[in-house]
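There are two complexes below, and they share subunit A, which is joined by subunit B in the first and by subunit C in the second.
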Partner chain A sequence: MLLVAPAGALFALFFAVPLAVLAVDALGEGGTAFARVFALPTFWPSLGGSLVLTLVAATLSTAVGLAVAVHLASMSERRRTLLSFVIALPLTFSGLIVAYGFILGWGRAGFFTQIVAALGADAAVIGKALFTPTGLAFASSYYLIPRVVMALLPVLVNFDRAQLVAAESLGATRAQAFRQVLLPQIAAPVAGAACLVAAVVFGAYGTALALVGTQLRILPLQLYSLVSETGSDFPAAAALALLITAACSAMMTAGEWFGSRHERHLAN
Partner chain B sequence: MDAAPAVAVALAGATYVYPGSSAGVRDIDLEIASGEMLVCIGPSGCGKTTLLRLIAGFVKPQAGSIRLGGRDVTGADARSRECGIVFQSYALFPHMTVRDNVGYALRVRGVAGGERAKRAGRMLELVGLSAYADRLPAALSGGQQQRVALARALVFEPRALLLDEPLSALDAATRVAMRDEIRRIQRERAIATLLITHDQDEALSLADRIAVMREGRLVQVDTPQAIYDAPASGFIAGFVGRANVLDATVAGADAVDTPVGRLVTRVHGREAGAKVAVLIRPERVEPVGDRETGDNLLAVAIERDRFFGATRALDARIGASRLAIETSSRAPVRRVRIARDAIQFLDPVPPSKEAT
Partner chain C sequence: MTAARAPRFVRLVTAVYLAYLAAPIALLFVGSFGNLWLNTLLPSGFTFRWYAEVATDPSFRRAFVSSLTVAALVVVLCVVVGLPLAYAVFRARRPAVRAVARVLYQLPVALPALVLAFGFIRAFSSDALPWLGSVWLLVAGHLVLGLPYFLQAVVADMQRLNLRVLEAAAESLGANGAQRFFQIVLPSLRHSILAGLIVVAALSIGEFQFSNLVAGFLNRTYPVVQLQAFYGATGFACAATVVLLALALAASFAGAASTGGAIRPAQVH
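Right, the complex of A and B next:
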């Protein structure tokens, strides 16, 4: 009990108390703050933007992260450890650094944009694409992919690869072995990792703010605007914060459910 | 006159050394006939599993060639070689039912569901697991899983069956039962089979021929009886069965001097004074009574006596030397006799003296 006390105190100070304050603020006027949020002209476009961002970023990150994790799992332990360290590095960067890096690379005058433009593409279109929910999803994948890799690597390292060898010896192609043997067995952890990164990107605002300011319509930036503008409607901001928290929590819960399903499968 | 059996698997000068290491196999010449069970044994790291991996196509030889059913498959990948493989861990697919596991090779070959279920069912019947078709592998015992792996490896009528230490994960009683089961099924399907093991009992009881490997090379390929009774070296003698291998000196036309004393035996024309190694199997060291007379009688002091039910394994001391004895006798052992023909020379007979 003594050992969990510090964690309990931190949880109370940095999660439970702020959440309670938000709840009091949001529900203080009989729940009308929620109605005001839904009535905001930017709310529904922002919700749409957030859903596109979440869907694209989670799908892209999960697909790439899974491929990287499969490759890492087939390596020697030494090489895997070294590469895992390199892959995990983006997790230590702030959103500001990531955003600035992407502007330098993929902005209107970005290095890669210029190369692609030299090959015949329209630099303005590519540069503009970065500042859309899909473009932001692309940038966010930079720090979401390592999360997927870290979540899936232990599962794949512990997977009995002899099954894949057996499948191939029985006549399966690599793709068939992956689809019919590996994927069904890791589907739950993959879905769990997708939920985790979906929750992260749904609630994240640092990279988005640094990249596009408050121009992009996604819910976290909507919340930022509500909080930062003069004459703000704080109960509405609190209500929106609760909505975002609830959505992220639901995604995390789904991820945990998938994770525990896999644990149960292993136990059997 | 019987026709010579068709060669199902043939390796000629096959060599594979793992990159950055000296481990692997070198210059392997080996043939397995259709319907033959060849068991490969040797100590850990001798290259047994690499040999299997070469035939299976998991690694490609750096030199030499591999033929399956007369077709050169040296550069072919594993899936096109059509070898049925049973892995040490079985490598069953835990998310598929027993029937789906067995039918997997047919599924990837595009065999329709009904036909697939029928053929998988026939294989399950062959291995006696029809009642378990709808279960998941986790619900089966080790022996049953092993049979599923065998059925899965055979369902697509492979060119050869490769078994990588298939019994090593089973308990002793199941292992013995499964040996007979594997042999029965292999004979029934008349398929060329390579079985890898480090268990000499398994090798002796299952094999049509045994291939003994050491440090990446085949050191003897012969019938179990020939390997046991006429091993080509002290290493093979010691690896297959228990053995007393003694350094000796030829002491005349019909005797050798050994550390346990002078033993009378035919020296097959070897020169007096020649240094030789002789093999005496422990079961050929016969306990005798105090009044027994004749050649090769030795007084022994028993240091260790292990009881196995049907037999006893004794470690005896004779002067400064030790002799392993195996006997079914329950009586105390103080003297033993070594029959003349129980003493085998491990070095080859000089060619010019062979007829002597």
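Right, the complex of A and C next:
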């Protein structure tokens, strides 16, 4: 009991109390704060932007992360350890590093924007793309893909590849063996990783703020504007904060459920 | 899984991905040493002046010291609060304790830093708890956001080492609780404790989303001040960002060295 007391006090005061205050703010007026959130002119466009961002980022980073993890799992342990280290680097990067790195590469006068323009593409279109929800998804994948790789690598390393060899010896192509033998068995952890990165990107605002400022229509930036502007409607902001937290927690819980399904699959 | 080689398509994706991974880092370094970078493919001229400007800028200097102070306090408190908690979670027989720990692991993702920051603003600007603007509030927030990663790393290591068997052996030889903790538990866990603390320190130093709203004007941390640099000269912004990047890279190398690369890095963000 004594062992958990300091942590209990920490989380009571600096986690439970702030959340309880927000809940009181949001629910205090009989739920009218939620009605005011839905009536904000920017709420529905921001929800749309967040959905596009989350869907594109989760799909892109899960697809790339899966391919990279499959490749890493087929390597010798030495090479795999080395490459895992390199791939894990962005996990401790602040969102600001990612934002400025992508401005240098893909911004209006970015390195790659100019190269693509020299090859005949419209520089104005490419240079603006980074500052849309889809472009933000492309930049956010920078710190999401490592999460997918780290989540899936243990699953793939433990996968018995003799099954793939058997499938190929029975006449399947390598691609068929991967699609029809490997994929069905790792579907649950892949879905779990997708949920995890969706929850991460849905609640984040740092990279977006550094890239575009508050003009970009996504829910966390809308909340940030409400919080940082003076004289704004705090109960409505608290209601929006609860909605965002509920969405992130739901995605996280779904991810956990997929993960536990895979553990049951292995136990059987 | 080494019997069959990966399909060519998969190897191609990895190659493109590694280029995508390296490009922003390379461009930031190049830009920080470039004298002038304005609508050209790469900057022209070589200079150290951007680093000199960052180093002599009073607000950057203060922010740097502030970041290091906060990170140091977070690391110390992480040991004080987190180590007993990890030990309790590991020894717990009741499934409820393990369930609470699993919820805790998910906390940094399930609860966005922005929402926690807003909760802090509302809770600690009241007359009862008027702490907003103090450095301790920053420390507390970073601790709540970082502790789950430390806990996960240390509890996993306790399970991997089969600590219970070691402790039972020590107990049978007459060691009491404190002796077991300081002579068996702590020395066996030193690698994972160090690696966990490095991750927590790196997270604290790079943390922006929480600090941006909660830091007082006098204790703004480095990333909060760094955002202002984005609106100035490219070289200055690059140099200011490379400082943060270099710290994150150093933390990754230190983390890998402390575990000998055996344990994969904790997952962050």
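Everything that follows uses one rule, which is that the second predicted complex is superposed on the first by the 253 of 268 C-alpha atoms of A that agree within 3 Å, B and C clash if a C-alpha of one lies under 4 Å from a C-alpha of the other, contacts with A are read in each partner's own complex, and residues count from 1 in each chain.
Here, contacts are C-beta pairs under 8 Å (C-beta built on N, C-alpha and C of every residue); 3 or more make two chains touch, one makes a residue touch a chain.
Because the structure is a prediction, the values reported are computed rather than measured.
Colleague: Could you say whether A:Ser232 touches subunit B, subunit C, both of them, or neither, answering first, second, both or neither?
Modeller: It touches nothing on subunit B or subunit C.
Colleague: So in the superposed three-chain picture, is A:Glu168 touching just subunit B, just subunit C, both, or none of them (first/second/both/neither)?
Modeller: A:Glu168 sits against subunit B and subunit C alike.
Colleague: By the touch definition at the top of the document, which applies to A:Val157: first (subunit B), second (subunit C), both, or neither?
Modeller: After superposition on chain A, A:Val157 lies in contact with subunit C alone.
Colleague: When the two structures are overlaid on chain A, which partner does A:Gln185 contact: first (subunit B), second (subunit C), both, or neither?
Modeller: first
Colleague: Contact-wise, after the overlay, does A:Ser260 reach subunit B, subunit C, both or neither (first, second, both, neither)?
Modeller: neither
Colleague: Which chain, subunit B or subunit C, ends up touching more residues of subunit A in the combined arrangement?
Modeller: Between subunit B and subunit C, the winner on subunit A residue contacts is C.
Colleague: Residue overlap on subunit A between the subunit B contact set and the subunit C contact set?
Modeller: After superposing on chain A, subunit A residues 160, 162, 165, 168 contact both subunit B and subunit C.
Colleague: Using the touch rule from the top, collect the residues of subunit A that touch subunit B in their complex.
Modeller: Residues 160, 162-163, 165-173, 176, 180-181, 184-185, 268 of subunit A touch subunit B in their complex.
Colleague: What part of subunit C is in contact with subunit A in the complex they form?
Modeller: Residue positions touching the partner: 1-7, 9-11, 13-14, 17-18, 20-21, 23-25, 27-28, 31, 38-39, 41-42, 80-82, 84-85, 87-88, 102, 104, 106-107, 109-124, 129, 140-141, 143-144, 147, 199, 202-203, 206-209, 212-213, 223, 226-227, 230, 234, 237-238, 241, 244-245, 248-249, 251-252, 256, 261, 264-269.
Colleague: Looking at the complex, which residues from subunit A come into contact with subunit C?
Modeller: Going through subunit A, the ones touching subunit C are 2-4, 6-7, 10-11, 13-15, 17-19, 21-22, 25, 64, 67-68, 70-76, 81, 84-105, 109, 111-112, 114-115, 142-143, 145-147, 150-151, 153, 156-162, 164-165, 168, 174-175, 177-178, 196, 199-200, 203-206, 209-210, 220, 223-224, 227-228, 234, 237-238, 241, 244-245, 248-249, 252-253, 256.
Colleague: In the complex formed with subunit A, which residues of subunit B make contact?
Modeller: These residues of subunit B touch subunit A: 56-58, 77-79, 81-85, 87, 89, 91-95, 104-105, 107-109, 138, 152-153, 156.
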